[in-house]
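Lettered A, B, C, D, E and F in written order, each chain numbered from 1.
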Amino acid sequence: MTWIAIPNETGPADKRTAMTPDNVGKLTHAGAEVLVETGLGAGCGYHDELYEEAGARVAGERRELFEKADIVLRVHKPGANEIAQLKKGTIHISYLDPFNEKRLVEALRDQRISAISMEMIPRTTRAQKMDALSSQASLAGYVMVIQAVNRLNRILPMMMTPSGTIKPAKVFVIGAGVAGLQAIATAKRLGARVTAFDTRAVVAEQVESLGASFLKINIGETGQTEDGYARPLSPEQVTKQQQGQADEIAKSDIVITTAQLFGRKPPLLVTRNTIGSMQPGSVIVDMAAETGGNVEGSVPGETVDLDGVTIIGSGNWSGQGCRDASNMYSNNLFNLVEEYWNAEQKSFEVDLNDDILAGCLITHGGEIVNTTIRKHYA
Amino acid sequence: MTWIAIPNETGPADKRTAMTPDNVGKLTHAGAEVLVETGLGAGCGYHDELYEEAGARVAGERRELFEKADIVLRVHKPGANEIAQLKKGTIHISYLDPFNEKRLVEALRDQRISAISMEMIPRTTRAQKMDALSSQASLAGYVMVIQAVNRLNRILPMMMTPSGTIKPAKVFVIGAGVAGLQAIATAKRLGARVTAFDTRAVVAEQVESLGASFLKINIGETGQTEDGYARPLSPEQVTKQQQGQADEIAKSDIVITTAQLFGRKPPLLVTRNTIGSMQPGSVIVDMAAETGGNVEGSVPGETVDLDGVTIIGSGNWSGQGCRDASNMYSNNLFNLVEEYWNAEQKSFEVDLNDDILAGCLITHGGEIVNTTIRKHYA
Amino acid sequence: MELVYLSFILILSVFLGFELIQKVPSTLHTPLMSGANAISGITLVGALAGAGSESSILTIILGTTAVTFATINVVGGYLVTDRMLAMFKKKATEK
Amino acid sequence: MELVYLSFILILSVFLGFELIQKVPSTLHTPLMSGANAISGITLVGALAGAGSESSILTIILGTTAVTFATINVVGGYLVTDRMLAMFKKKATEK
Amino acid sequence: MPTIMLINLSYIVAAVLFILGLKLLGSPATARRGNMLSALGMLLAVVVTLLDHAIIDYRWILLGMVIGSVVGALAARLVAMTAMPEMVALFNGFGGIASLLVGWVALAQPQLDNFLLLTVFLSILIGGVTFTGSLVAWGKLSELLPGRPIVFRGQRLVNVALLLANFACGAMFVLDPQQPLWLYLTIALSATMGVMTVIPIGGADMPVIISLLNSYSGLAACAAGFAINNNILIVAGSLVGASGIILTRIMCKAMNRTLGNVLFSGFGAAAAASDKIEGEGTALSAEDAYYVLEAAQSVVIIPGYGMAVAQAQHVVKELQEVLQQNGCEVVYAIHPVAGRMPGHMNVLLAEADVSYDLLLEMDDINPRMETFDVAIVIGANDVVNTAARDTISSPIFGMPIINADYARSVFVLKRSMASGFAGLDNPLFYGKNSRMIFGDAKETVNKLIREFST
Amino acid sequence: MPTIMLINLSYIVAAVLFILGLKLLGSPATARRGNMLSALGMLLAVVVTLLDHAIIDYRWILLGMVIGSVVGALAARLVAMTAMPEMVALFNGFGGIASLLVGWVALAQPQLDNFLLLTVFLSILIGGVTFTGSLVAWGKLSELLPGRPIVFRGQRLVNVALLLANFACGAMFVLDPQQPLWLYLTIALSATMGVMTVIPIGGADMPVIISLLNSYSGLAACAAGFAINNNILIVAGSLVGASGIILTRIMCKAMNRTLGNVLFSGFGAAAAASDKIEGEGTALSAEDAYYVLEAAQSVVIIPGYGMAVAQAQHVVKELQEVLQQNGCEVVYAIHPVAGRMPGHMNVLLAEADVSYDLLLEMDDINPRMETFDVAIVIGANDVVNTAARDTISSPIFGMPIINADYARSVFVLKRSMASGFAGLDNPLFYGKNSRMIFGDAKETVNKLIREFST
C-alpha cells in the first residue's frame, strides 16, 4: 500500500495547490492511498469535501502526512525540519532549486529520500506532459502582460476614433522562451506592437510565428545547450546586447524580461540608464527578479517606481491564475507519477536508466545520483 | 482677447487632465490666451514646461484662473465656491451631471455662466468628435476587462497543452453600448467566449459584428430613444431579464455590467441570489456602481468580496489609461471649442440654434436654456 | 481531297472536344458522361442508311439491329441524363 | 459537297477559337493580340499563288504586293511578339 | 437546294448543337439545357438523314427505332436512381455494337479501297471492345459479375497476344476482304479484348472505365463515319472521343489515381506501386488534392508549428469555411505539444476566429479518426509521427500522437521531407494513404481554396 | 504521295500548331513557346505552299518575301518598347490589305460563281476596313493623328449610309463581275469605312480597337481562304477571328466597359450612358471588378460597419495579400467613426493581423486619394457620404469624410442601396466612377479573391 501525501504550501503567499481533487481521484483510482492536509485547495476554491469525494483522507495534522508518506507531492521545496520527519526511501516530488540549495539536497540525501526536482524534468518531447517549468512559465507569460497592462497609463490596442487616434502601445520582450512566447502572444492579442529578442537564434522564427517582430542584434556566436537552454554570454556580448536593446526599450511602453540561464544567475539586461530613457508611466516586468533580476533596480516580490517607470518584480506569477496554474501543475505531477506507477504492486518504481528520471531524480538511496548536480557541486 | 483657463482636477483621485499640451498649442495658435494651473498634467506625465512651450501661462494660484477666465475647460463639475469666482458670461465646459445636480445648475444660471455639459453632447454622427461620453466609455470598456482579468483566478484564453486543456473563460457583458462593445472586443481579443445582452434589439447585430454571441431573452417591447439611448423597462420586464440572465451569469467567469439609462438611475440587473450561483473566484464589474449600480452589493469606488465573488465597483475607469483618456477628452474639448470659435473675433460664439449646442448648453444668459433639463426639473 | 477535309474536321473536332470540358464539379461527372454517351449514339445516323437500303438481307438485318441498339443508346441516354440532371437541380434548389 | 466540308471546318474553327482563349492576365493582352495578328498573316499562303502564277501582269503585281504586305505582317508580327514576351519573361524572373 | 446540301447543312447545325450541349453540360446551372440542346441536335440529324435518297425502305428502320425507343425510354424511366451508372454502361455498349454493325454494313458498298477497309476494321475493333467491355462493366456494377478484380497468371501475356492477333487479322482483312473469316475473327477477338480489358478492374473503378469506354464508343462512331463517309458521325464521334478522354482524366484525378493505375492495378501493378510509395513519400499537387477534398464528407485539420511559421491560420480558417460550404464536416485536432509554446495553436486559431467548438483534443479525436475522409496535416510533424506509436526504438516512443494515418487519406502540407523539432523521420509520410503537398503551408492552402472556385 | 496531299497534310499540321500556339499564348509561363510553335506552323504552311504546281515563277515571290522580311524584321527590331501597340496595328493593317489583294487576285480564276464572288467581296470589304482602320489606329497611337475622338454632326448617318452603299456595291459586284467599277467602288468604300469606324474613338481605347481589327483581319483571311478554296486560310483565319473577339471582350472588361460603349462612346453615347448612371447606381459583377483590380497599381480599402457585420476582416486581409502579390500597393483608410464603437475597425483588422503601418487616418489619405486606381468601400456608407462634403442641406454636412469618390474608380461592396446609421442617401453610389458590387461583403470579397486564381 502506497501512501501519497500532499501537504499545504507554506511558502510565499502562493495560492496554488499541488493536487486538484480531479487528480487525487485518478491517484486513488490507480490504487494509491491519498492523504491531504486540511485546507489544501482552499486558495483555488477546492474544499476539503471535494478531496474526500475523490477518495482522499483529510488529515488535520501536518506531521501525520510526513510520517506516513511513501510519496510526497508539493509545489515548493520542503522545509529543513520537514525532511527529518520523512521515512527513509520516501519519494519527494516538488520544485527543489537544486543548483542553489546544496544544503537541502544534502539533507535529502542523508535522509535517503528519493527527491525529484520538477525544475530538472528534461525538455524532451516525451517529457512535456510532466514539464511544470513550461506549464507554469506559460501562465507567467500571460500574467506578466496582464499585470503590466494594469499598471500602464495607456491602453495597448490602436484605436482610430473621432476623439483622435491612439497609437498601439509598444511591447518589448527580452527572452523568448516559454514565458516570453506566451507574453508575446498575449500582448499581440491585446493589440500591441510586439518586438522580442533572444540570444538563441532559432527563436526568431518562433517569435515571427506569433506575428511579432524579432530584434536583430549582432552579438556574435551564441548557441544553445542540448536541452534547448541558452548559453551564458561573455561580458562583451552582454554589453553589446544592452546597447542594441537600448533604443527599442526607450521606445517601448512595456518591457518584459524573461531571460534565464539554466542553473545560473540570470543576466542583467536592463540598466538604470536605459530605464531613465523610458517615458514616465511605462512599465517593466522583471520575471527573473526573484532569482537575481534582469533589470537593475527591480525588487523581488515588489513593485517599485523608478523615475516614473513602474518596475514589477512581484514574482509568483502563475499564482495569479491560481486555479488554472494548480490544474496544470497537478496534471504534471500526476503524469509523472502515472508514468512510473507499477499497476500491480501499486507503487512508484524508480528506474535509474530512464532518461527522464535520470534528468530529474536528484537523490536516491543515500546518494546524489544526478550527474549535472554532482558536477555543479563539485 | 479670450482667456481660456484650465484648472487642476480636484475630484476623486482622477489623474486625467482636461487639456494636453498638444491641444493647448492648438488653442494658442487659434488666438486664445491659455492659463493653466501648475501641475495640471502631472498625473499623465505632462510637465508644466510642456504647457509653457505650447504657449500657455502657468498660474500658481488657482483663484487667478477663475477670475480671469472667459472660458473654463475641465473634466469634472465645478465646486460651488468656484462658481462664485467666475466672471459673468464665462463659458464653462465640463461634465455637469445636470439631471442630478439641480443645485449646481441653478448656481451656474444665477452667475449667468454659459455652462456646457459634456454628458449632453448629442449622439449624432456630426457631434461624435466632441462626444466625451463615448471616448471615455470606450476606454472604460477596455479597463473594466483588464481589471477583471487581473482579479480572476483563471486565465481567459483556451490553451491545449501537455499539462491539460484550459477551457476558455466565459465573459458576459450586460449592456452593449459604447463601453459594453469595447469590453466585448477586449475580452474576445484575450480569447474569452463572450456573450452579451442589451435591451435594444439593434445591438444584437453589433455584438455579433465583434464575434461575440447575443443572449436572446424575450422581455417584450423595449425600443430606444431618438438619440439611441435605451428606454427604461417595466418592473416585470426587469424581472424577466434577471431570470433570463441568471443561467448565463452562473456559468460565467466574468460579468461586466454597463447598463445605463440616460438621465435616470441605472437598473438593478444582478441580484444577490444570482451572485451566489457563481463559481468562487469569479469577478463582476459594475460600471454603474457610482451612479447607483447594476449589481446588488457593489460598493462605489471599491472592490469587495461577496461569497468568494469579487465585485469591482471602483469607478473612474478611464482614469486607468489616463494618458490616452486625457488625450481623447482633451481632443473632445478642443473640437468643441474649435467648432464654435470665431476666427476673426477670436472668441467662442454661442449659437442657440445650432443643434449640438441646443443639446449640451445648459445655462446661458441667466436662464436654463436646455429643454430636456428644464423638463426634467419641472 | 475529301480525306483532307475529313482529316481537318477530325482534328478540329478532337481539339474542340479537349477544350470543351474543363473543370467539372464531381457531381456532374456521371451526367456529363451519360450525356456524351448519348451523343455517341450518332452512329444511328449511319445505321439508318443500312437498314433502309433494300440491298442484301444481311445488310438489312445488320442495319436494323444497329438501328435498334443505337436508338436505345440515344433515347435511353438522353432520358437518363435528363433524369439525373432534374434530380440534381432539385437538390440544388433545396439547399 | 466541298462547301459543306469547308463550312464544317469554319464552324469548328470558330468554336475552337472561342474556347481557346479563356482567362488571360492583362499583361498578356498585347502579346496575345500581336501573336494572333501574326497568324492572320496566313493570307500570305494565298498570296503566293497569285504572285507566282505567271498570268496577267495585274495578278502578278497584286500578288507580289500582297506577298510583301503579308510577309511584313508575318515576320514583323512574330518577331515583335517574341520581343514582348522575352521582356515579359525577364521581368517575371527579376521578381 | 439539293437534298444532300440540306442534309449536310443540317448536320452542321446539329454539330453546333452538340458542341453547345457538351459545353453547357459542364456547369451545374446549364447542364440540363445542354442536354436538351444536344438531344435537339440528334433529332435534327436523324430526321434529315431520313430524307436521304439512299433510304428506300422505311419499314425496318421504323421497326428498329420503335423497339429501340421503347426499350430505351422504359429503361431510362424505370431504372433506380442508384443503378444509373450501370444503365449508362449498358447504353454505351449498345452504341458500341451499333458502330460495329455500321462498319460491317459499310462492307456492302461497291468500291472498297484500303482506307475504307481500315476504317471498317477500326469501327469493328473499337465498337467490339466497347460493347463487351461495357457489358462487363454493367455486370460488375449490377453485381451480376463479381465486383472484385478478376486476375490470373499470365494475364498480361494473354492480352498482348490478343492485341497482336487482332492486328494481324485486321491486316489480313484489309488485304483480303473477300474472305469473311478475317471479319469474323476480328469481331470475336475484339469482343474478347473488351472482356479482358475490364475484368481485372475492381468495381470501385468502374465509373472511370465507363467514361473511358464512352470515349471509345465516340471513336467507334467516328471510325464508322469515315467508313460511310459521313461528316456528322466524324464530328460528333470525335467530340465525344476527345471530351471523354478529358473527363476520364478528371475522374481519375478526383480519385487521386492515374489512368494507368486504374487500368493495370488489377495486375498486381498496384502492389509494385505501393512499394514505391513506401520508399519516398508521394507528392500530390494542390489541384489534385482539390478533387479529393471536393468529394470529402468529413475532414480533420491537424495543425502544427509549420502553420504558425507560415502564418497560415487565416487561410486555414478560409479553407474550413469553403469545405463547410461544400457540405463537409470540418474539425481541428489539436495536439497538446503542437507548436513551440503551450497553447500555440489556440492563439493562432483564436486569432483567425475559429470557433472553439471545432477544436478537439487528441483523446477525443483519435477514437473516431477512421471516420474521416481526409486528415489535413498542416505543418505538423512530431505530433503525428507514427514512430511514437509503432517503433519501440524511437526516442519518442510512448508519446501519444494524433493518429492521422487512420483517416482514409492523409494530406501532409510542408515544404520538404525535413524533420521537425525532435529531428526524427516520420513514417506517416510514407504511408499508403498519405500524400505530401509540398510548399509553404499558406500558399498551399491558398491554392486549395482557389481550386474550390468553380 | 501526290504533292497536293502532302501540302494539305502539312496544312493540318500547321493548323494544329496554330491551335497549340494560341492556347499556349494565353498563359505567361508558356506564351513564348506558343508564339514559336505558331511561327513554326506558319513556316511549314508557307514552305509547302511553294511546292504547289500552280506556282511557276518564283522571282516575284522572292522579291516580295525578301522586301517583306527585311521591312518586318527591321520594324520589329527597331521599334521602341513603348511603341509596340502601334506597330502591331500597322502589321495588322498590312495583313488586311494582303487579304484584300488576295481576294482581288482570286478574280483571275477561270470560273466565277456567285459564292466565290461573295467571298471575294467579303475579303475586300473586311480587308479594306482592317487596313485603313488599322492605319488610323496606328496614326492615333503614334500621335500622327490627334488622339481625341474626332466627331462631327450626323456622323452616325454618314456611317450607316456608307454601309448601305457598300452592300449595294457588293450586290452589283456579284451580279456583274465584269464591270470593274463595282470592284473599285467597293474598295474605296471599304477603305473609307475603316477610317470612319476608328476616328471617333479616343486614343485610350485604341488597344481594344486594334484587338477588334485583329479579329477582322483573321476574318478577312478566312474569307480569302474561301475565295481561293484554301483550308489553312479558313482554319487559321477563323481561329484568329474568333479568339480575337474573345480577347476584345476580355480587354473591354478589363477596362470596365462594353464593346458597344467603346465603339460608340465617341458619338456622345457615353454622355447618355453616364446620365443613366446618375440615376440608379451601376452594379458590377465580382468577375468584372476583378479585371479592374487585376490591372490596378494602387488600391485603398475603406472599411465600415458592414465589414464587421459580414465578419469579412479575414478575407479582406486575404484580398490585400492577393493584390500585393499582384504588384499592387494596398492601404486602408480608416474613418474615425467607422463601425459602431470607437476603434471598431482596428479591433477587426488587428484580429486579421493587418499591419498597423497600412492603416491610414482620414487626414493622411485624403490628400492622395486621387492617386489611387481603385477605392474599395467595404460595407461603409456614412463615412464616405459625399453629401457631408457637398450638400449644405445634409444633416451631416460638415462631417469630414474619406473622399473615396476622388479615386479613379470606386467599388462599393454592400448588400443593397440601403442607407447606413445616419439614414441618409449617399450620392457617392451614383457617381460616374462608382460601381456597386451587391452582396454580403464577405462573399463578394471571397469571389474577388477567387477570380485572382488564374
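Operating definition for what follows: contacts are C-beta pairs under 8 Å (C-beta built on N, C-alpha and C of every residue); 3 or more make two chains touch, one makes a residue touch a chain.
Everything numeric here is computed off the predicted structure, so don't read it as measured data.
Shared contact partners of chain D and chain F, listed by label: C, E. The most distant chain from chain F is A, comparing centres defined as mean Cα coordinates.
By count of C-beta pairs in contact, A-F exceeds the other of the chain pairs D-E and A-F.
Where chain E touches chain F, the two copies mostly use the same residue numbers: shared numbers make up over half of all numbers in play.
Rotation angle relating chain C to chain D: 180°, from a CA superposition, given to the nearest 5. Chain centres here are Cα averages; for chain B and chain F they lie 57 Å apart. Chain E and chain F have Cα centroids lying 38 Å from one another. With each centre defined as the average position of its C-alpha atoms, the distance from chain A to chain B rounds to 40 Å. Put simply, the C-alpha centre of chain B and that of chain E have 66 angstrom between them. Among the residues of chain F, those in touch with two or more other chains are 19, 23, 231, 235, 311, 336-337, 342-343, 347, 350-351, 353.
Under the contact definition stated at the top, the residues of chain D that touch 2 or more other chains are 1-3, 5-6, 8-9, 12-13, 15-16, 19-20, 22.
Each of the following residues of chain B touches two or more other chains: 128-129, 134-135, 138, 157, 159, 161-164, 166, 189, 191, 211.
Under the contact rule defined at the top, the touching pairs of chains are A-B, A-E, A-F, B-E, B-F, C-D, C-E, C-F, D-E, D-F, E-F.
Contacts from chain D toward chain E in the complex involve residues 1, 3-5, 7-8, 11-12, 15, 19. Per the touch definition, chain E reaches chain D in the complex via residues 4-5, 8-9, 11-12, 15-16, 19, 23, 231, 235.
Residues 15, 44-45, 128-129, 131-132, 134-135, 138-139, 142-143, 146-147, 149-150, 152-155, 157, 159, 161-164, 166, 186, 189-191, 279-281, 308, 320-324, 327-329, 331-332, 335 of chain B are the ones that touch chain A when the two sit in their complex. Contacts from chain C toward chain D in the complex involve residues 1-2, 5-6, 8-9, 12-13, 15-16, 19-20, 22.
Here chain F touches chain A in the complex through residues 334-337, 342-343, 345-347, 350, 353, 356, 359, 361, going by the rule given at the top.
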